[in-house]
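Right, one structure below, let's go through it.
Each chain gets a letter, A, B, C, D and E, in the order it is written, and its residues are counted from 1.
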Amino acid sequence: MNPAEMMDHPIRLTARDVTVHYGTKQALHGISIDIPDRAVTAFIGPSGCGKSTFLRCINRMNDTIEGARVGGRIELDGQDIYAPDLDVVELRARVGMVFQKPNPFPKSIYDNVGYGPRIHGLARNKAELDEIVISSLRKAGLFEEVKDRLSEPGTGLSGGQQQRLCIARAIAVGPEVILMDEPCSALDPIATAIIEELIDELRENYTIVIVTHSMQQAARVSQKTAFFHLGNLIEQGDTEDIFTNPVNKQTQDYIMGRIG
Amino acid sequence: MIAALLLVLLSLSYSVGWSKARAFASAGASGAKLHSRPQYHAARLALWTLVPALLVLVAWGVFGDLLSRNYILGLLPADIATQTGPALETAIQRVRSIASGYGVAGELADYEQPAGQALAQFNFIVMLVMLLAAAALGIAGLLFARARITPRLRARNQVEQVIGLLLLACSAVAILTTLGIVISLLTEALRFFSFVNPLDFFFGTVWQPGFATTGAGSSGGYGILPLLWGTVMVSTIAILVALPIGLMSAIWLNQYAPARIRALVKPVIEILAGIPTIVYGFFALVTVGPFLAGFGDLIGVDIRATSALTAGVVMGVMIIPFISSLSDDILNQVPRTLRDGAYGLGATQSETIRNVLLPAALPGIVGAFLLAVSRAIGETMIVVLAAGNAPILRANPFEPTSTVTVSIVNQLTGDTDFAGPQSLVAFALGLTLFAMTLVLNILALYIVRRFREQYE
Amino acid sequence: MTSRTDGATTTTARVRATLARRHRGEAIFRGLGILAVVLALGFVAILFTTIISKGLPSFQQSRLHLEVFFDPAIIDEGPAPVHEPGQSDADFRAASLKWQRNLAMLNWNKIVEDAIRRAAPEGFDIDSRAALSIPETSERHMLREMFVQNPDLLGKTVEVSMLASANVDNWLKGTIDRSLGDAQQQLAAPARELADLFAENGTITRDFAWSLFFNVDSRAAPAAAGLAGAFMGSVYMMLIVIVLAVPIGVASAIYLEEFAPKSRLTDLIEVNINNLAAVPSIVFGLLGAAVFINTLHLPLSAPLAGGLVLTLMTLPTIIIATRAALKGVPPSLRQAALGMGASKTQMVFHHVLPVTFPSILTATIIGVAQALGETAPLLLIGMNAFVAAVPATPLDQATALPVQIYLWQGNENRNFFEARTSAAIMVLLALMIVLNAIAIFLRSRLEKRA
Amino acid sequence: QSRDTIQIAGSSTVLPFASIVAEEFGAAFPEFNTPVVGSGGSSGGLRQFCEGVGENTIDIANASRRIKASEVEACNAAGVNDIREIQIGFDGIVFATSADKGDFALSPVHVYKAIAAKVPVDGEMVDNPYTTWDQIDASLPAQPIALAVPASNHGTREVFQEKVVSAGCEEAGLPEMSEDDMEAACTTFRQDVVVEIAGDYTETLARLQSNPDTVGVFGLSFYEQNRDTLKVATVDGVTPSLETVAAGEYPVSRPLFFYVKGEHIGVIPGIEEYVQFFMSDAMAGNGGTLEGAGMIPQPADKTAEVVSNFENGVSLTASDL
Amino acid sequence: MNPAEMMDHPIRLTARDVTVHYGTKQALHGISIDIPDRAVTAFIGPSGCGKSTFLRCINRMNDTIEGARVGGRIELDGQDIYAPDLDVVELRARVGMVFQKPNPFPKSIYDNVGYGPRIHGLARNKAELDEIVISSLRKAGLFEEVKDRLSEPGTGLSGGQQQRLCIARAIAVGPEVILMDEPCSALDPIATAIIEELIDELRENYTIVIVTHSMQQAARVSQKTAFFHLGNLIEQGDTEDIFTNPVNKQTQDYIMGRIG
């Protein structure tokens, strides 16, 4: 995708001067970033630099962590998501999330995926729900492996299967923005390929933010990349530019440092 | 009739809400997305409809009787209506019996038959009016709320707000209970303090509330300290029995026992909680007490058959399930990855339990423990029978003792003068106990907070 | 690369060195666990054997089978009134009550005595007091009831099965020392002799004591006393407690744990609830009398008021236990649900509650069991009472099983304070076991679904 | 609709008698329900009785002692003005041991010497030295002293204190001392051998079982029902029985009462009939049902007086007490 | 490392015909493999193929899973680890494990690492324990990030930090065999490099088994590689051979399929 193409993408999310404190520890220092619609934005950076923290700001999951305080302003489609009258639940339905540690519900595989559509009333009847569940599982590349055991608990799956289950669960709701925190960390290359294809496909209609440690993956799937370091956003821009021509010394070091 | 009306209103409003919201949902392609699912819109409408209707019906329930009574008074001849007391009540009752069609025995007074008929008519009209009013208000609510349905309406939030309010109301019950207890104790306790100097009560070391007629009714006999001491001693012994047994059983059942045995043993132990305390009392008096006394003889310690020890031990048995069953469930909820983490490091099972599981489950277990302590403090019948009813300040747990709760029951249910200090002291005792456990609980909360921080 | 640096080996050696000690610790710990369970079970076993061995005899009861002659010479009251057309219901009721009342005044004892004499061997010398001490005193009312139901019995002889009196029952069961002298016996010598005779010739048989289950309490006729009223009273109260305390308790626990902002106020509420658990149960009785009886004007001695008081008493137990359970739910589960766009309410009801369901059931069982066995608070709302009727609704006067146990164990008749008390306890325990079984059934079903 | 069942509460001593009457009343009067008889002690019963007037208050309070002036005042303050007192008979209080123990022929002074914390020995008050009964009086069995007496919440305790211990105290010839000291000397019990029973007589019986040397205080009716396990002691040479108590020969007895709320008569059906039935010869009279249950009947003229007072609406005032 | 060098490595662990059932589902079908001492063996294979399951067999962690049944024979230094008289605690002390999902204890960071040494009595005093904790954290590349907050809970760390904490926790015990289930899945390239260096260093003295989805990582750190598929061990051998010259078609497909 060339820069010209990039121009069509209107800005979906804007963050201005976002800070996060956990108790007394400051985890993010004034992050400002624009995230385009119908494109994939990758967050990269060393472990502990605040990628997950910033991701959690976008759908206000930090609200659930005791002692976490968020400052600054984040807008989704021009609307302040930290506004007091904003409906957090609706926000989270629109901004889906795949967590870094897979956390399936202690329910059956089917119910894990069907839960979101059910509460959001996306299926009129059992058949529709079946369809949503199956197609989500299939998109996440899990269906073949679990089709005989849909009613068994999701917690009895292997690590990679759980991760894909959580992806299937998130896309089943059809969110407008999808936040993925290292969605492929526990996946083998083939499964990774399936998820990357999925991301590519979703990109057509959705806004996607992905955290990854794999430079190749960032290069492969994203159009924009943001590099975090020690709670600061060091550099952001088109993925191509960042990877071929990083402005910042730290970015360069990180990308060149070693290829994972 | 009323139930039918409410059912009709409910189904009507629900289906109206559902279909209207549905309509928006199907038209959703044209524009804004429906904020809440149709169910929530339906539930919201149902609330808007039923609450006004119910309010009317409740008002009727509260004031209806008064209304009909006033109406009857109007029907009665002046000479009867101006009477008070039983005669009037009887007259009213007779008219009501006639109106209900059941009739009354014996001759009817002239006025009674027409009055009865008039009342029957009146009742019928009132009922009709009420039902209509309820229905009308319900439908008004329905229409009002329906008009405001838009795709963006946050029906779910509204319904959830109501749920939140209901939940809040439920926790208010506990607060109201406390208030009620304090109020119902306070006035009487104050009356007691008009008889007995509070200082003598709080710092007195002699508990001997005798009969006024036989002396010893002086304030010297109302010292609470022996009772408090007994309470502390008996509860401590009970906890010393119940905590190790309860916690260890919970751990064994949860970690070591085969699932089948666990499924069997747990309910059996739970039975201990439901045996009436009076049974424990007799068990203590007839079986445990003599056994402990015999055991004491054996090892050369003088243990009385009825003693703080007996009461404490038996009470401990009673509260075992409070600790064991609840702790077992709480241990169950600790995520297994934690257990795996410890096993993977080569921890033995007991090390895993002690170092990882118990700390993680600690907040819950503390809750169970508090419950058990509270139960021990509040328990009465066992102590009545097993502790020997000797409210004397002495440290030896092998001697008889008495507790605050026992004295409350004794003084309240005996043959003493209920308007005199002998009986009123029960209220002062209750209030003191209440205040003391309150302080203990505040302390416990504080300690638990500090203790817990390490683990969160 | 030939020799291993000894880091690892020393580690292993060190691990080995402490292993024996750790295993001993493990064994001790496990042993303690088993010991604890054995102790707990042992207590249950001892309690059960004591209760059952004492209570079992009262499930059997002596009954007399007598030919009763409804002697027209004694029953001279005329026919029962009939409902005439034009007569108001009230008038008819008055007339038929009058008839019944007159019947009640008749000398039914004479009819009973005659029946005994007829059954006794020819010329057996027994005075009427001693003869009447063989059947239970309430049986004359039973005969009258028979007659009221069926006035055609007049002049007929029918075989009637009557309860033997408690003293006869004790005598025949041997609960009283047979070798004691006359002065120490409850029954006069001829009555004892006749009872033995009857037992031999089958006039008195030992039957299953249905009366224990289907009769209401009785003081005048100890052998006829049963648990029906108390049982129903307890069932009503239990239902009220389950219907009110469980939802309210769980709801407040949810509110406090999940919704309430963490503030001084919630701390206060928490402390306050913990404190309520320690309030002696009789104080709840005081509260109940003040609120439910004096302010809300609920009827005295009614299971409704009793149930409400017990509900208040059970609430803290359920709240504390449920909160403890909620605290144990891992945060990742909550985050997963919230991340899916579930509202807090949905998170709680769809994910958190199902996980804590077993604990909530346990709390319920313990709380309800405690309420079910409670006597003291009922004292002050008039339920610690002798009630000779089965309550038809929760608004009728009733008593409760633990109250019955309490009253019976305080009764001077050994029939009560020994066997019957234990039997009543057995019934109460059976009720609890049923409750437990239901809860366990629910628990297993819900766990399967999860 | 108003309540149609009579509500009674109060003394557990009166409870059995009231229950029996209630039951028979229910059987004899088909138009009335069987009254509900609550326990809760005289104090608890009167407390409920004096709660006020109305359906949600009780109609009758049983008491094993007379109502107190302060209680009448409390009653009046709550609007209960028409209190009708019914004395129903007497309750005998006996000392008993396990049936297999020696015979006790007690006198108040024996009991006093066994129970008091300090007793006079050679004109000096000393800590009670007696450990067996025969040390007090050679005629008593050589059995360790152990007593189970009613606790101070019991009405029986008052009688026991007044008619036995205080009487014995006077007899024992205490040295000169102030009135207060005297009173204290007469009312302070030893802690080691005395058990105070707050519960029912069955509890006392259980004490006797767990320590067979105990001498227990029982109601006469309880003893009557348990003659096989209990042996009664004579007091001043009189054997307690229905006859000796009724005749006033046996010293330790007390009257029993119930109190009717006049305001409820005519409102709650059956109250009048209940009272009349209770006091009828067939129930409370000589040879009546209650005598069989252990209540000691009062003289017939006393009963007649009580009933006529009731029927004439004589109500009790604080100044009567 | 050339094949000749490989020869010095005596066999440390042998597995023969190992099967695992979860309830009725068979997860492993007769796995037989020899694992050499002082070398790194990598398990690769698609998600859900049984890698973690087999890893868990080696230190008998499957014992703790209800319904899991293990068949066949596994020997450590010639000793059957499923022998009834075997001391599981000692086995697990000798065979350390890093789990796929980071699972720090809800204790302080210090206590997380110090826990193992403490229960095994590896430190004579506080100073020794301090040393073990610090050196373990340092080896895992975490020390610098957490040195100021050793007494804060380990659960408050970022995903990658938690993973390194678990590695530190495992090596603090000084096991002879270390099993690592995707130890770098949540790590950025730099942290990954540190861990790989650590593995390389540990290899000198220990036996290491690592599960990874990164072919490059397998190639970089391991001397032996085993390829699992659908519960079967398809191919095993020297890493170089497997990657350059896989015998089996499936192995080839997997390795060539796509590079992660």
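What we mean here is this: contacts are C-beta pairs under 8 Å (C-beta built on N, C-alpha and C of every residue); 3 or more make two chains touch, one makes a residue touch a chain.
Not measured: the values here are computed from a predicted model.
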Any chain in contact with subunit B as well as subunit D: C
Central chain (by mean CA position): B
Between the pairs B-E and C-E, the one where more C-beta pairs touch: B-E
Identity of the chain that, by mean CA position, is farthest from subunit E: D
Farthest chain (mean CA position) relative to subunit A: D
Inter-centroid spacing, subunit E versus subunit D (mean Cα positions, whole Å): 82
Distance between the centres, which are taken as Cα means, of subunit C and subunit B, whole angstrom: 20
Interchain centroid distance [CA atoms averaged], subunit A/subunit E, Å: 29
Subunit A-subunit C separation of Cα centroids, rounded to whole Å: 59
For subunit C, residues that touch 2 or more chains besides their own: 15, 22-23, 26, 332, 343-344, 355, 379-380, 409
In subunit A, residues with contacts to at least two other chains: 89-90, 101, 119-120
Contacts with 2+ other chains: residues of subunit B: 156-157, 282, 335, 346, 348, 351, 409, 412-413
All chain pairs that touch each other: A-B, A-C, A-E, B-C, B-D, B-E, C-D, C-E
Contact footprint of subunit C on subunit E as seen in their complex: 8, 38, 87, 89-90, 93-94, 119-122, 173-176, 204-206
In the complex with subunit A, residue positions of subunit B that touch it: 25, 34-35, 37-39, 154, 156-157
In the complex, subunit E residues that touch subunit A: 22, 25, 44-48, 52-53, 100-102, 145, 149, 156-161, 164, 181-182, 184-193, 213-216, 254, 257-260
Sites on subunit E touched by subunit B in the complex: 59, 61, 64, 66, 89-94, 96-97, 99, 101, 103-108, 115-116, 119-120, 153, 166, 169-170, 173, 175
Contact set on subunit C toward subunit D in their complex: 97, 100-101, 104-105, 138, 141, 144, 176-177, 180, 183-186, 218-221, 289, 293-294, 297-301, 379-380, 382-389, 397, 407, 409-414, 417
